[in-house]
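Here come two complexes built around chain A, the first alongside chain B, the second alongside chain C.
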Partner chain A sequence: MGAYFIRRIIIAIPVLIGLTVLSFFIISLTPGDPLLARMNPEALAQTAANPELLEKARERFGLNGPLPVQYWNWLTGVVQGDLGYSVSTRRPIIDEIGPRIWPSLSLMIAASMFAIAFGIPAGVIAAVKQYGRADYILSGVTIVLISTPSFVIGLLAIYIFGVNLGWLPVGELYTFGKEDDVIDRISHLILPGLVLGTFGAALIMRYTRASMLDSLGSDYITTAKSKGLSSRIIIIRHGLRNALIPIITVLAFLMPELIAGAVVTETVFNWPGLGQLSVIAANAGDPSLMMGIILIVGIAVIVASIIADFGYSVADPRIRYTKGS
Partner chain B sequence: MSASEGVQPQATQVVTVEHEGLIRLAARRFRRHRLAMVGLVMLTTVIIIAVFLPLILPLDPLATDYGNIRKPPSEGHLLGGDISGRDVWARVVHGARVSLVAGFGAMLVFVTIGTLIGLLAGTLGGWADQGLMRFTDIILAIPPLLLIIVFISIAGPGLGSVITVIGLVFWPATARLVRGQLLSLREAEFVTAARVVGVRDRHIILRHMIPNIFGPLTVVATLGVASAILIEASLSFLGLGVRPPTPSLGDMITPARSPTVLQDLIWIWLPAGIAIAVIVMSVNWIGDGLRDALDPRANRRV
Partner chain C sequence: MRRRSIAALIATVVMASAVAVPAVAQDETVLRTARLSDGFNQCHPVNAQTGNQYQWWGTIFNWLVKVEADSRTVVPDLATSWATDDAQTYTFDLVQDASWSDGEPFTADDVVYSVQWYLDNPDAYQGFQPEWPKVASIEALDDYTVQMTLDAPNSRFLGNLAGIANVILPEHVLADATADNILDLPFALCDPDAVVGTGPYTLENYEPSQLVEVVANPDYFKGAPNIDRIIFKDFADPALAIAQLESGELDLVFRVPPDEEARVSNIPGLTLVPSENPGIVRIVVATEKSQWSDPKFRHAMSAAVNRNGIVDGLYQGNAKVLHNHPGFEVTDTSLSTYDPDKARALLEEIGYGGETFKILYDASLPENQASMPLIQSDLQAVGIPVELVPTPGTGDFVDKLFTYVDGEGRALGDEGFDVATATTPEYDGFMHIGGTEALHPDVSNTYYRAPNDAHPKWLSGYNSDAIQDLWAAGRATADAGEQATIYGELGDILYTDMPMVHLFVPNIANVASDCLGGEFDIHLSERESFMDVEAWEWTC
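Up next is the complex of A and B:
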């Protein structure tokens, strides 16, 4: 177990290094003086008039050396939490990203909870009633949901539940002046969470259905049936438990999808998260800020995939032996 | 040994015959797939409307009619007018054109890149294979839409750069598929059989390997078209895609971010949303049908 886990982490290291190289490549595309993305704006303003000091600053950030040296200098800064400065807002990138992590994360947690809570039961029902009416309706609804762009679903949700029915707030983290009201915050989370989770719910439903059909067709289900167990116990204990194993992989695959969906959902709902920031950065033509987002998100995805593999190997002990070489 | 000599030529023969049979079998399975056929009819209709309708009818997506500003659907304007008085129906038709061009264009780019990288990794092996596959992992570690936004912010918006950038980000799935198929086919019994009886390498690749890669590749390419169309729409919605005045379905929905348009002028944005969903759905259904038809395991289920 330990050896498998360590091997899995070692495999991730080149990917992590590659991610930093890619991030460095992106930041090197920043227009204008590279010092803009590296130096405190106030200090830069003071040195800007003096070419000698400017040259010294370049020397200090290693900007005069060959590319590998520049990369190394940049990387040592990043490891210490210094992501540099945004070219467009002139603030430290870490200060732009930091306060937006929790809003994005809470939105993604709400979305995943909905996706799992809807997707797994719906998939089980569709599989048990294969080719029945429930199966056709659920499968039909999910394909419509997968094919409709998330911003259209978001706008329809705002149109129906926010504007016409007036049930839920349609944007921002909280109502102005109610920062500490937990109920208010949760009610703001519901609509964007549902919209962001829609794609995942449809995806999980499709995978659960396929996985359940596989597992319901197995010999041990026939055995359980001939033992005279109730169909409820057969479906849940024997069918679903084995069907859940491949679904863990879908959950890991879902994370990048959720982040990509957050770009659109956060923009539609005016949600101050990382997705909204990436659209702001792109519209402002700010590669330095984009780099910070890519780096943070990329690391999160790599860590999530390691955790998913780990969970997979706990759920299914056979994995550890077959993935050996 | 002497017994197997007599068997081998027969074995290759069987493989070839069976292969041609498989294509016919797949075609029959596809025709029987109800949703796939519905998708095919829907997509054909969309293509005919998007490509030929503007040639017959005067559908100008850019002409502004001051009498048609924010007007609901009427006889002269099937779907009414948008905030600048442009005909919504004409814009939907031209926007569908742009969507199709973006989807299929991006597909051509990523299938070409992915196949080349997959073939390189699969045939070179060793360090080249390892390096290329780790590179694929890095691309896969970043959510596609984010990476696309990064590239767009560098390349600038526009239909050409949207197609190129989607293609540059979507190839890893194809590369993995081609490499994986190549590796497993190299070890497949019918390839070994062909090699043993002295079939030339070129013939093995052309007759035995490419047809077997082609099936799953078609599925990945089709589903990729659907994703690419969704991405183009999202980018245009965010103001990072096709540049106005070129009509794009995503861009037509952007005004709905203002509460008045969202609430009271629903004909301005909803038709474009439905159009995207219809196109993507039909492509997805065709992709599902192709997968069921070309997946050898489907035999078991049917």
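Up next is the complex of A and C:
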């Protein structure tokens, strides 16, 4: 078992390299000079036409030379813990990315918790009450949630709960002056967490329902009923437990969905995470910053899939990873 | 039992959080502001690139002089007075009771350092340029007197000293800075423990692309500010800033999007504060291309565009029609008054062959998004086929802007590129937006001045000794009458030759809480508005 996970980690390295190579060359195709992208028209007029100045800046930011050389320099820097400098802000990339990891992580954790807390019970209820009123209502809600873009849900949530009702704060990480207030931080997390989690909740609900229906139709459920077990034990201990394995798969794939969704959610709520930073980097045409974000996100997705593998073995004791797996 | 323990733990955490001491005293006044334009970047003028920096640097740094709300009238700052007989040698008397926020006294050595560091490291500056390149020599006559001698007389020097890149820096903190390490220094990276200024506020917190927090400096040499704390917020999406205005989480917002003006003006407790835009929206024509080299072609373009229609239709009158560079007085607008028949007659007169005119523009800018189709339609109505060349963002726009092709067809950046023969850009014209030319006629020189000998022609490819001599003459004299004559003649040349077809400029909408009082005012160049922030008051 341990050897399996060590192998997974080792295999992740060439996967990451492949991801960064592909990303690097795609980003290099982006039109525009990142050194000049954010300059004010006056600043541009004063400095941008100086070829020598631009050449020195390109050298500093590793933007000169052939692409393979640029990539190699970047990679060797990463191995030494140096992600380079952001072209648009001139700051070390590690300083740009570092403070944003926890906000993104906390948002994704909150979104995942909401997705699971809503999706699994809703899916169980829909399956148990198949073709009943509850099933139709929950299915309708999930279709709406899947179909509605997250920025629409986000803006509606802001204006209903933040502006009009005043129940929750309007965006950002905390209220100024309450940086250490846990309740304030949680209150700021609620809306973006709910918005980011809606797609995942709807997805989990659909898969849970389908998986539960499959599970509840199994022979061992019939056996459990014939033994006189209560409905609660049958549904939770026997039905849901066995329905969890495909749901864990969904949860594992939820991570990339959350990361993608976080780009929009963090922008709408001005949430200072990696998603917002990726928008800033894309708008600025900042290749070095985008590469740093891609690397961090790639690592996160790989870690999530390894955690999901571990979750399988917990959910189903029959699953053990051996030398051949 | 286990569940009760968990519940007790949660309750303890909640109660502890509820009584957590806030970072701010309950009676502290806090101003929360945002400028819905660019971002923050760094804390050293080598990287002065944005108007947002200009705003919050105005709270922690000082200049030798600053400007009043008209963005033109020069008033003392670190220099209490100045003298010059020839607009070439300037002697500044400095304030004697100013100190840096770490307690070190401010002296003439700091001014000498700030200027000399630039002169020793000019290539380190990557954004707005300071005035220091004009300084031939600088000397501290004593601890509180500095004398600068310029390489040529320049009456604009004093006014330009209020530019962002001219902030005075602490020698005792930055003495070891070099061009190679400047961007890595904690000062440049806005480490609150390292950033030291003489301003009314000190840097308390800096979160890149999120917020800047400054707190009042009780030892400020002009008197402690009235507002205790200012938070500058950065928004990737203006919609959230508007929502925070409505919910009361923002007090002052600069550059509200035009389509939000009507809504924010109805929010109780807030006042819409429009300000004139000192910039421009214009078509810069590549005049070195033979088919566009005749000024009458540009006159035809100018007469073809219905500026008033755009101002009234797109901006509901919240924009200003431009006929020439905004810093110049315009007495005769006959060449640019909307007259399609006149435009057609001019085109026929010059034998225009119907060549397509390619206009490059940055499609991410709101000023371009709605107006470009209208401009295209107006030009095509008089017989000028127009191909719009939008770019998705500023980076791509700038890249195309600099795609000059030399005599051998090589582009800027290509090996062997011969800048001496580089006169043919890909575009025929491009949309130019922004700037602050309304502040003074000399500002327009930026867009005609060769940045270096390698680029004798800039933007429009139009230049001449005559206009450069007039600009130089305008700078060489401080006499208002002489300047009026010089700039009058210069304005006439620029209008007659019209290398740039000026169109309009939208007004800037700003929103302020009714609680802001004292000497609160928004400058003509709104990014300078925090220059006198110590005199603002929070009246609620």
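Going forward, the second predicted complex is superposed on the first by the 254 of 325 C-alpha atoms of A that agree within 3 Å, B and C clash if a C-alpha of one lies under 4 Å from a C-alpha of the other, contacts with A are read in each partner's own complex, and residues count from 1 in each chain.
Just so we're on the same page, contacts are C-beta pairs under 8 Å (C-beta built on N, C-alpha and C of every residue); 3 or more make two chains touch, one makes a residue touch a chain.
Since the structure is predicted, the reported quantities are computational estimates derived from the model, not experimental observations.
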Give one of first, second, both or neither to describe whether A:A134 is in contact with chain B, with chain C, with both, or with none.
neither
Check whether A:I236 is in contact with chain B, with chain C, with both or with neither, and answer first, second, both or neither.
neither
With the two complexes superposed on chain A, say which partner A:V268 touches: chain B (first), chain C (second), both, or neither.
both
In the superposed model, does chain B or chain C contact more residues of chain A?
C
Between chain B and chain C, whom does A:L67 touch in the aligned arrangement: first, second, both, or neither?
neither
Tell me the contact category for A:G298 with respect to chain B and chain C: first, second, both or neither.
first
Just to be sure I read the superposition right, which of the two partners does A:I158 touch: chain B = first, chain C = second, or both, or neither?
both
Determine, under the contact definition given at the top, whether A:G285 touches first (chain B), second (chain C), both, or neither.
both
Touch test for A:P14: chain B only (first), chain C only (second), both, or neither?
first
Dual-contact residues of chain A (chain B, chain C) 155, 158-159, 163, 267-268, 279, 283, 285
In their complex, what parts of chain A are in touch with chain B?
14-15, 18-19, 22, 26, 29, 143-144, 146-152, 155-156, 158-159, 163, 256-257, 259-260, 263-264, 267-268, 278-279, 281-283, 285-287, 290, 293-294, 297-298, 301-302, 305
Interface residues, chain C side, partner chain A - complex:
13-14, 17-18, 20-24, 30, 32, 38-39, 41-42, 47-51, 123, 125-129, 183-184, 189, 207-210, 213, 231, 233, 235-237, 239-240, 243-244, 246-247, 249, 279, 364, 391, 393-400, 402, 412-413, 419, 432-436, 446-447, 451-452, 454-455, 458-459
In the complex, chain B residues that touch chain A
35, 134-135, 137-138, 140-147, 149-150, 152-154, 226, 230, 233-234, 237-240, 250, 253, 256-257, 259, 262-263, 266, 269, 273, 276-277, 280-281, 284-285
So in the complex, which bits of chain A are touching chain C?
30-34, 36-53, 56-57, 85, 89-92, 95-96, 99, 155, 158-159, 162-163, 166, 169-172, 175-183, 267-270, 272, 276-277, 279-280, 283-285
